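In what follows, subunit A forms one complex with subunit B and a second complex with subunit C.
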Partner chain A sequence: MRVLRAGALSLRWEPRAAVVCGVLAAAAIGAAVLVVGSGEFPISPPDVVRAVLGQGDRATGFIVTALRLPRAVTGLLAGLALGLSGAIFQSISRNPLGSPDLIGFTTGSATGALLQILVFGGGAAAITAGSVAGAVLTALAVYLVAYRRGGGVHGVRLVLIGVAAAAMLEALNSYLITRADLREAYEAAFWLTGSLNGRDWDQAVPLALALAVLLPAALLLARPLGMGELGDDAAQALGVPVQRTRALFIAAGVGLAAAATAAAGPVPFVALAAPQLARRLTRRPGPQLLPAALTGAALLACGDLISLHLPVAVPVGVVTGVLGGVYLAWLLSTTGRKGTT
Partner chain B sequence: MTRLRAEDLTLAYEKRVVAERLGVQIPDGSFTVIVGPNACGKSTLLRALARLLRPREGTVYLDGDPIGALAPKRLARRLGLLPQSPLTPEGITVGDLVARGRYPHQSLLRQWSREDEAAVTEAMEAVGVTGLADRVVDELSGGQRQRVRLALVLAQRTGILLLDEPTTYLDIAHQIEVLDLCARLHEEGRTLVAVLHDLNHACRYATHLIAMRGGEVLAEGPPAEIVTAELVERVFGLPCRVIADPETATPLIVPAGRRRTLTAENL
Partner chain C sequence: MPPPRPPARGGRGSHRLRLALLAAALLATVVGSLAIGAGHVPLGRVLSGVFSPDGGSRAELIVHELRLPRTLLGIAVGMALGLAGAVMQALTRNPLAEPGLLGVNGGAALAVVLVIAATRADDVLVCVWAAFAGAAGAAALVYLIGARGRGGAAPARLVLAGAAVNAVSSALTAGVMLLTPHTFGGFRFWQVGSLGGREMPVLLRVLPFIAAGTVLALLLARPLNALGMGDDAGRALGSRPGRTRVLGAAAVVLLCGSATAAAGPIAFLGLAVPFIVRTAVGPDQRLVLPYSLLLAPVLLLGADIIGRVSAPGELETGIVTAFLGAPLFAVMVRRGRTRDL
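Up next is the complex of A and B:
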C-alpha cells in the first residue's frame, strides 16, 4: 500500500493493483483491436488504430467504424459491466457463486428478451427493453422474497432464492423455445448463447451510458461495500449504513447485468470468473471493482477474438462458457482441497 | 452522569418480545458484565446499546444524545463493538483487518492519515499482534484471531467498548488471556461492557455486574456486593454455594453436587 498525503488530504493506492489494471486494460484494448482487424478483409492493427482516429483511407475507415468497431466496443463494454456486476454480487453475497448469471438476473433478462422475440415479435429496441425489464423484475422479486423485516437482506438467502428463481426462469425459457417455430427458435437460441455478431451502435450506446453512470458511482462507494465483508454487525458498528449500501449496489449490479445482457445476450461465466481472477491477480482482499471490470473486458474481448479465429463460426458465449467451465471446475477443486486440509 | 444509558426499552424481534420497560445505566469507567441464562435478553440489550437493534419503544442515550439520531460514523467514533461471530474477508492480512477499524475516521479524501497509521500501530501493540501484521488471518489460532479482532475495535479509538461474548469458542487458557487483556484495557481508562456466559469469569473481572432473567434486570452492582447463592438460584435456577475465589477473593460459584456430595465417608 502506498499513501499520497498533502495537508489534510490522504489517498491510498496499491502499486500491484495499478499495474494489474494497466496490463488488463492493455490486453482488453489489444484484443479489441485484433477483433476489428479480423474478418474476410483483414486489417493490420496500425491501420485499425489509424481508422479509429479518423486517418487512413475511406474504405478501411468505413469497414472499421461502421461495421466492426461497434462489435468490439460492445464486447469491451459488456465485459466491463459483467465483471463489475459479478464483483458487486459476489461481495454482497460473500460467495464466489453469487454472480448475476447464477442467481437468476441474466436468466430473467433472457426471459424478457425471449418474450419479445417469440411472443410479441419485437425488434431490436424492444428486445433490449424486454431484457432490461426481465432482469429488473427478477431482481426485484428475488430481493423482496429474500427481505426480512428488521434484518434486511442477507447474502446466503439472496443466493439461494436467486438460484431457485434461475431454475424456474430457465424452465420458462425452454418452454418458450419449444413453442416457437423453427426460424424464431433459431434466433432465440442464438441470442441465448450470447453473441456479438451484428452488433451496431444501437447496442453499444445505451450500454456505454449505463456504464458512464454506474462505474464511477460504484468506485466511489467501494469502501462501504468492502466493509460489508466483515459481517453486518461489525460493519454497522464501524459506521457503515449496511442495508442502504447493499440496496444501492444491488440496483447498480442489476442495472449493469441487464445492460450487458441487453447488448450482448446472456454471455455466461464472465461475471462469475472475472472477480475471482481479479482477486488472484491483485492479491488483495475485498471487492476489487475496477480490476474485476477490466478482467471482464479482457475476457470477453479475448473470447471474441478466439471465436472469430475458430474454423467454425462460434458465438462468443460458447467460448466464454467453455473457458468459464474449466475455470469453475478448477476453482471448486482448489477450494474443496483447502477446506479439507 | 453516565455516558451510556437506556430508558424504558421494549426490545423485540419480529413478533417475539424479549424485554419490556428495561432500563440500564453503564457506569463511566466501569468494566460492566451482563450475565443471565440463555435467551434472557442480554445479547439483545447489548445489540440495542450498539444500535444494531432498533428498540420498539424507549431510547438509548450516548452522552445525552439519543443514539438513533447520531450519524453512523459519528456513533462509531464514540462506541465500538466486537460482535459475537464476525466474518473475516477471505485472504485478508492482520494489518489490513485492523486498519478497517479506522473506517469511521476516514473519508474519500482522507483515506489514510498519520493518525490512522498511529492508531493501528498502537492497537496492534496493545494486544500483542504487531509481529503478525503480514500474516493471513484465516491461518491464525482462535486466540490470536480474537486478539486481532480486539485490535480492530481498539483502532477505532472509542472510549466505550461493547463485547458480545468475547470468549466463546476459545479454550480456557485463551479465555483467560482475552479477559486479562480486557481488564488491562479497562485499567487504561476505557469503559467496557461485555456479555459473558461464565459467571465465575464475570465475578472475577467485572467491576459492575448486571444480572438478567426473562428480559428484566434482577440485580446490579459490584459482584462482591450482589452475588449470593440466593441470587444465582433466582437468576439461573441453579442451587449452589458461593465461596471466596482463592486467587482473587471475588465470589466463586460452586454448583451443588447431585451425584457425589461431600460426606464423612468419602472425605
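Up next is the complex of A and C:
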C-alpha cells in the first residue's frame, strides 16, 4: 500500500488491488461482449463494439442494442450488485456465510416473486415489484427482530435471525410450489434458479439506477465499514458511529440484492463467492467492496457466456452455482490458511 | 488423563429427572400422534389398533396402516436429526451448522433427482437408497475438501466447503429438473419433507443406519467436549481431534443421510434442537446429546400433528417445523446466548 499526498489531501493507493480491479473489469466486459456476440446469428467482437458505439450496419445494430445488449447489461449489473451486497453483509456479520442468499433477503425476494407468479398471476413488472417488496419486508422484519434497545443490531444476531427467516420463507416457497399447477410451478422453478433469458431494458434500467446511487455511496463509506470488522467496541473507540453505519449499509445491501434479484432472479452463489474470491485475489484484509463487485460481474457474465454455449439450455443460475462452487472448493483445498476465511 | 468435564448446570439427579420428564413428553406425543388425525379414532381403539389389528374395523386399520408407521418414522427421523445437528455443531464449533449447510441435504436431493430422471419412477424405496448415497457422498466430499491444505479440517473451512458442495449440487439439481419436466413433477413433493405417505419398509430400510449412527454419536460425547476446547488444548489433554472428526462425520452421515432419505429434507430441526438444548443445559455434550435425542422427536411429532389438523389437505411436516422452529429460534437468539459454543 502506498499513500499519495498533495498538501492536506492524501489518498491510499494499492497497486495490487488496482491491477486486480482492472483485470476483473476487463474480464467482465470481455465476457459481456462475447455474450452479445453469441446466438443463432453470431457477431464478431469488433462488430459488437462497433454496433454498441452506433457505427455498425443497421441490422446488426438492431440485434445488438435491442435484443442482446439488455441481457448482457443486466448480467453485468446484477453481478456488480450481488458482489457488492455480499461484501457488505459478510463484513457486517463478520461471517463468510452472512451473504444475502443465506440470511433470507434473496429468499424473501423470491417469495414475493413467487406470490406474483403463482397466486396473483402478475406480469414482469408485477414480479419485479413483488420481489423488491419481498426483500425489503424480509430485511425490515429481520432487522427489527434482531434489534435490541441499547445494544442495537449485532452482527452474529443478525445472521442467526436471518437464517431463521430464510428457513421459514423457503418452506413457504416450497409450499407455494407444491400447491401450484404443474406448468406454473415449472415456470416458477425456472425463475427461482436465476436466469437472464429474455431480459430487456425494462429490467436493466431500474437496476442501473439503483447501482448509480448505491455503488458510489457504499464506496465512499467503506472505511467505517472496515473498522466495524474490528469489533463494535474497537470501532466505537476509533470514532465510528457503529449502529448508524450498520443501518445505512444494511439498507444499501438490501437495495442491491433486491434490485439484482428482481432483474435476474435469485442467481445463487455470486453474493457468497465474489467477496471471498476478491479477498483472496487482492490479498487485503477488510471489505474489498469494489473488487467484490467486479468479481461478481465477471462471475455472472462468464456464467452467462458458458450457459449460452452449453449443448443443453440451462439458465445461468445453474452455471454460476457449479462454477462458483467448484472454484471455492478448489481455493479451499489449495490455500491452507485458517485466517483468510 | 480423562477428557475435561465442563461444569454442568444442576446436579446429576436433577438431570435424570428432567430427562425422564422429557421421555414422558415423548410418550405423550406418540399417543397423540396415534390418536389425532383426519379420521376420528377413539382412544380405546388406538391401543387395539397398534397391538392387535385383527378387528378389521376402519379405525384400527387407520391406526395400524397409516399412523403407526408415520409415528415410528417420526421418532426415528426426529432422533436422527436432533442428534446429527448436535454432533455437527460440536464438530464445526458453529451454531449455524445443520444438515443443509454441510451439503448433506443437497447431495441427497441431487441423487434423488438423478434417479427419478433416469428411471422415470418415483418409487420411495429407490429414492431412499439414492438419497442415502447422495448424502454420504456429499458429506465425504465436504470433509475431503475441508481437510485438504494446511491445518486440517478447521471449522470455518468445513462450513465453507459445505456451502461449495451445496451450491454445486443444488445448481445441478435445478438443471436436471428443468431439463426433464417429469422429474420436477415428482421431486417438488419430495423436496418439502414429510412423514406422511411413507410405509413400514421405508422405516425398516433406514433403521439400522439410524441405530448405528445414534450409538456412535452418543459414544462421542466426551471427545466432542475435548474438541470444544480447541484442537491444541484438546490434543494437550490427550484426545485425538482428527479421529473425533472422522467418527463424528461418520455419525452425521449415517443419521442425516437416513433421515433425509426417509422423510425428505426436514427444515430447521437439526439447527434448532441443539441450540435450544444448549441454552437450557449448557455446552456439556454428555447432556446436550441425550437431551437433543429426546427433544427432537417430541418437536417433530408435535409439528406433524399440527400439520394434520391445521389445514384441510394437511400441511407437510417440513413446512410446519420451519414455521414453528424459526420464531422459537429467533426468540432464543434475542435472549442472547449466541456464544455458547
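Simple rule for what comes next: the second predicted complex is superposed on the first by the 326 of 341 C-alpha atoms of A that agree within 3 Å, B and C clash if a C-alpha of one lies under 4 Å from a C-alpha of the other, contacts with A are read in each partner's own complex, and residues count from 1 in each chain.
As a working rule, contacts are C-beta pairs under 8 Å (C-beta built on N, C-alpha and C of every residue); 3 or more make two chains touch, one makes a residue touch a chain.
In this text, all values refer to a predicted model and were calculated from it rather than measured experimentally.
Asker: Once the two structures are overlaid on subunit A, check if subunit B and subunit C clash or fit side by side.
Answerer: Fit.
Asker: Should A:Leu182 be classified as contacting the first partner (subunit B), the second (subunit C), both, or neither?
Answerer: In the superposition, A:Leu182 contacts subunit C only.
Asker: Of the partners subunit B and subunit C, which touch A:Pro285 in the superposed model: first, second, both, neither?
Answerer: The first partner, subunit B, only.
Asker: With both complexes superposed on chain A, which partner does A:Leu230 reach: first (subunit B), second (subunit C), both or neither?
Answerer: Touch status of A:Leu230: first partner only.
Asker: If you tally the residues of subunit A touched by each partner, is the higher count for subunit B or for subunit C?
Answerer: Answer, by number of touched residues of subunit A: C.
Asker: Given Cα centres, how many degrees, to the nearest 10, is the angle at subunit A formed with subunit B and subunit C?
Answerer: One gets 80 degrees for this angle.
Asker: Once the structures are superposed on A, label A:Leu272 by its partner contacts, choosing first (subunit B), second (subunit C), both or neither.
Answerer: second
Asker: Per the contact definition in the header, classify A:Thr295: touching subunit B only (first), subunit C only (second), both, or neither.
Answerer: In the superposed model, A:Thr295 contacts neither subunit B nor subunit C.
Asker: I'd like to know which partner A:Gly317 touches here: subunit B for first, subunit C for second, both or neither.
Answerer: Only subunit C is touched by A:Gly317; subunit B is not.
Asker: Between subunit B and subunit C, report the minimum C-alpha distance in the superposition, expressed in whole angstrom.
Answerer: Checking C-alpha atoms only, subunit B sits 12 Å from subunit C at its nearest point.
Asker: Which positions of subunit A touch subunit B when the two form their complex?
Answerer: Touching subunit B: residues 1, 3, 5, 8-12, 94, 149-150, 220, 223, 226-227, 229-231, 233-234, 236-241, 279, 283, 285-286 of subunit A.
Asker: Taking the complex as given, what residues does subunit C use to touch subunit A?
Answerer: Touching subunit A: residues 95-96, 101, 145-146, 148-151, 154, 156-157, 159-161, 163-168, 170-172, 174-175, 177-179, 181, 184-185, 188-189, 191-192, 267-268, 271, 315-316, 318-319, 321-323, 325-327, 329-330, 333-334, 336, 338-339 of subunit C.
Asker: Contact residues on subunit A for subunit C in the complex?
Answerer: Interface residues on the subunit A side: 96-97, 145-146, 148, 156-157, 159-161, 163-165, 167-168, 170-172, 174-175, 177-178, 182, 185-186, 189-190, 192-193, 268-269, 272-273, 276, 312-315, 317-322, 324-326, 328-329, 332-338, 341.
Asker: How about subunit B: which of its residues touch subunit A in the complex?
Answerer: 13-14, 47, 50-52, 54, 71-77, 79-81, 83-93, 96, 100-101, 103-104, 106, 108-114, 116, 156
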